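Next up, some structures in structure tokens.
The same chain A turns up in both complexes below, where it pairs with chain B and then with chain C.
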Partner chain A sequence: MNAALKQKSVRGLETAWLEAGPVDGDILLLLHGFPDTAASWSYQTKAFKDRFHVIAPFIRGAGPSEAARAIQRYGTDGVALDILAILGEVDPRGERRIYLVGHDLGAVHAWHLARLLGQRVAAMVIINGLSLRQMLVRWRHPRQLLKSWYIFLMQLPLVPELAVRAAPRAMLSLAHGLGGLPQASRPDAVPLRGALAGPLNQYRAFIREIPRLTRRRSPRLTCPVLLLWGADDAFLVPPHAAELAHDATDVTIRIIEGNHWLQREQHEAVNGLIEAFFSLKSAKGDPA
Partner chain B sequence: MKVLSMASRVTALPVLGLVSGAVNRRPTAGELAGYLACQRLAERGVREVAALMCEGWTEQHAAGLLDTWLKDHGVKSFFHKSFVWFGDRTRFRGVRGYGGYMPSRRVLRPGEVFILDVAPILHGHIADVGYTTALGSNAELARAQAFLAELRAELPGLFAGGNAGADVWQAMRARIGAAGYEPIHEKYPFGVLGHRVHRVKAEEPRAHLYNFGWQSYWEFLSRGLFGQLLNDSFTGDLLGLWAIEPHVGAAEFGAKFEEILVVDEDGARWLESERPGA
Partner chain C sequence: MKATDPLDHETLARQVKLQRRLAWDMDRDIPWHLGVDPGKPFLPLDDQAIAFPGASPEQALALSQYMGLVVNATISEMEDALPKLKQAGWARLLDDYPVGPELRELGELFFDEEAKHANAFSRYLDQFCEATAVERRDLDALLPKAFGSFFQKAIINNAEHGGHAFWWVVANVEEVSIGIFHQIMRHRQAVDPLFFALHKRHLEEESRHGNYAFLMLNLVARKPPSLRDRLHRKVDFLVSQIASAPWVVTELYKFFDVRRLRGVHPFFDTLASCIPLYESMSRAEIVRRMFFAAPYVSWVLNPSWREQHVDTARVHGAIVPPLPKPHAVELSLPHALRTSA
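Now for the complex of A and B:
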């Protein structure tokens, strides 16, 4: 996909991202989920690199981004500091507009980052993912609680690490199979195998953040937000407008055919919807 | 709360005079280096996080990121976690009770002054730093910062000049008032201009109350509370390490700095001779 691998030491740990496109253009920031790496955005990088400066970070512990021992480095604040450092590297003056896309756990980070980046965010697309606050609210409903079984499994000490180290191929196959990702659309499994044990700590970090969620209600986002959702998502029940009323003022929801890895499974449709949304929103605002 | 406030004013019990020398012993060169390393780390943290801040952040966002930044750099516990105040909250307008000092959902707006105040513990050494800046340029703040720099230059002389602690406190009150500002540090719990800092053994706090770790209360209470807080009735021995935090109030904002002052038989000096960024 002709993306260059970039690396930088951030708070003592090597932190990597893929970069493509014009270095002075609007930034398209792509945040991957679990189990994934920045390479999961290959279809989007290829489609948008002529129009945007595409930045796809490897979340802490994924691929060449060094794993951390401390759980808090996988939490929303830890990852936000990593990504703000990357943005500081590619846009030192902080003046370029940012279009944000997050999938799965990348959506958790995208919601948090969008608040920290403020007016710099022109628009955000969330693909099959939630904010932490939404997840907490959803756990009141048995259907979502059942679909979240793996999150509770991840809280066990050592067991998830042993499982992904002993049988990484089987674990990936299980996740991709449940998520309905066709064999042909699956990313290369070899680099993914090393991106499991570290990033699964995100689930532990998020659980630890729950107590402060009740105290830390953020103001609603004012940038336009598009939610793209696979109707058959194995891990998340479809969203509805009411649950987002606390999070953003301008939300569009599009539920399309597909499962969890929509950006790979339905990449042409997803790219078309992202393109149309960003074009519409940039046309309404300042010229892109 | 009134009982604690009254207790903090008891600084001259005879028995405490006997032990204060041992409690406030002169720190070694190695210990001073440890305090300095912690203070420099905290200064870096507040400045890096302040540089990231933009319109729309809440005090809670900033406090959470600053605590995380420090933990990522090896801090395991805090004398106190981050306090962050925006706009007129920097002069404690609307602050009622201890809960009012806690980071709130108040949103940062363009041009506003904000303060980051955090006290990490690194390898048993406490630092306590306060940093004031603004989102964009602010001429009023620049004037207040220049005045704070004058106070910083004068404070070691006040501590070394044989004054009682209460005299230092009163001198600051007069100086700040004469410059047309309000002494906002008098609104801190116990009205402190500063507090002592000590080596800390426990570095794994499990509980915080109003952002202070349990060991912080223990450090003060185990030393009797008396003589730990520099307020208007302090008459005890000034020897030791002090986190000094003059906080001045203009009409719409407050500004402060905070750092460690070393007071020994040779005089008084700031642990860091030059204020970072000065």
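Now for the complex of A and C:
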């Protein structure tokens, strides 16, 4: 996909990202979920590198980004600080517009980052993912709780780490299989031993953040948000139209054919919808 | 009439554009200036179906016109009732499963067009009264009314409890109204020109948006089901039949109220003179004919006539009453009308 691997030490830990496209263009920030890496955006990097400066960070502990001991480094604030450091590296003056795309747990980080970045965010696309507030609300729904069984499994000490260290390929294959990702759409790269152990701490960090979340009032985002949803997602129930009313003022929801990993399984349709959404929103505001 | 996949956003976007471009204007695009020709029939009838053998030319004309007015009033009533179900039957479903903005936009167009159709059919009834000097109030006493009926309450109640019987009823009306137009089309030279023009305009938009009810039913089938959804998928088709059939039969029995209008107007006198044609049959025989032999009526009452309706019900795994198909009858204008038309 012709993306360059970049690395930088952020608060004492090696932090990596993939980068492609014109370095002075608008930034397209792609945030992956679990158990993915920045490479899961290969189709989008290829499709958008001519128009955007594509930045796809490896979330803490994923791929070449060094794992942390402290759980907080995997939470929304910890990951946001990593990504802000990357943005500081690629756009030191902080003047370029940012288009955000987040999938799965990357969506949690995208919502949080969008609030921190404020007016710099021109538009955001969420693919089969939730904000932390949505996660909290959805845990009152039995169907979502049933689909989220693995989140509770991740709270066990050591057991998940032992499983992903002992058989990373099998665990990855299990996750993709449960999610219904066809063999042809699965990434070629085999995860390194231990590469999945760090990122799963995100689930633990989020659970710890929830009590704080109930006390925190987050402002609604004013940037346009597109929520793309695979109709056959095995891990998340489809969104309700009013579900994001507390999170953003301008939300478009589209449910399309596909599963949890839409950006891989339906990459052409997803790229087309992202392109159309960003073009439309650019046309309404300043030219991109 | 093929229903689009509710997740096919591109096709839906094209449909929105098409509907916006081709929508007709009720005042401008229907030749109201023609007025209703009281000497022309409205609907072709079947000589053998209910009780028309032996009807005089005047009786046949009055019955053809009465059936035409019943059809217009039924479509007007049904389509007028739609906005009352918009929140419970439509908006709630799209909120629960918001597949995309186009489906919502199409729905808004659908409701707008249905309200327009209801007004147009009601205006035709006004024009009929104007042309014949029949009082609208007297005529309304013989025509179907949905507002406040058990039927309407049952459908609203079903929608408020997460059901979709509403869409089964709409799909029924859409499919039958298209079938009715095909019959009118075959006798276009003989029927009242305004009646024909109105149904032609109606069909144009029904065929453009007519699959919206089936589209919504497809959406229901695509939505990941809760336990309650599964139950509704199973029974809502039946609920729509059970709620609508008694309403149709009851409203048709209003015909016999024409006895009270004897002496009010010659149109009512002629209709009243047809009652003995019915009275020669037992009630059971009339009901049997309503389900299996009477054109238009049996199409509404007997789901086996409505192929797309039943096919969609089977996709939902819905319970479909195992009624035999209505008899295929050749519809024509009664012989006396053909010669006089």
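Just so we're on the same page, the second predicted complex is superposed on the first by the 283 of 288 C-alpha atoms of A that agree within 3 Å, B and C clash if a C-alpha of one lies under 4 Å from a C-alpha of the other, contacts with A are read in each partner's own complex, and residues count from 1 in each chain.
We adopt the following convention: contacts are C-beta pairs under 8 Å (C-beta built on N, C-alpha and C of every residue); 3 or more make two chains touch, one makes a residue touch a chain.
Since the structure is predicted, the reported quantities are computational estimates derived from the model, not experimental observations.
With the C-alpha superposition on chain A as described, chain C and chain B fit side by side in the combined arrangement.
Applying the stated contact rule after C-alpha superposition, one finds that A:L81 touches chain B and leaves chain C untouched. By the touch criterion defined above, A:P238 lies against chain C but remains apart from chain B after alignment on the C-alpha atoms of chain A.
Counting residues of chain A touched by each partner, chain B versus chain C, the larger count belongs to B. In the superposed model, A:R11 makes contact with chain B only, not with chain C. Contacts of A:Q119 after superposition on the shared chain: chain B is touched, whereas chain C is not. Using the contact criterion defined above for the overlaid structures, shared-chain residue A:T252 touches chain C, although it does not reach chain B. Contacts of A:R143 after superposition: chain C is touched, whereas chain B is not reached.
In the superposed model, the vertex angle chain B-chain A-chain C (Cα centres) comes to 120 degrees (nearest 10). In the composite built from the two structures, the nearest CA pair linking chain B and chain C is 29 Å apart. Note for the complex: chain C touches chain A at residues 7, 9, 94-101, 222-224, 226. Residue ranges on chain B touching chain A, taken from their complex, read 52, 54-58, 60-61, 64-65, 67-69, 71-73, 105, 107. Within the complex formed with chain B, the residues of chain A that make contact are 11-12, 70, 72-73, 75, 77-78, 80-81, 84, 94, 115-120, 212, 215-219. Within the complex formed with chain C, the residues of chain A that make contact are 143, 231, 237-242, 252-257.
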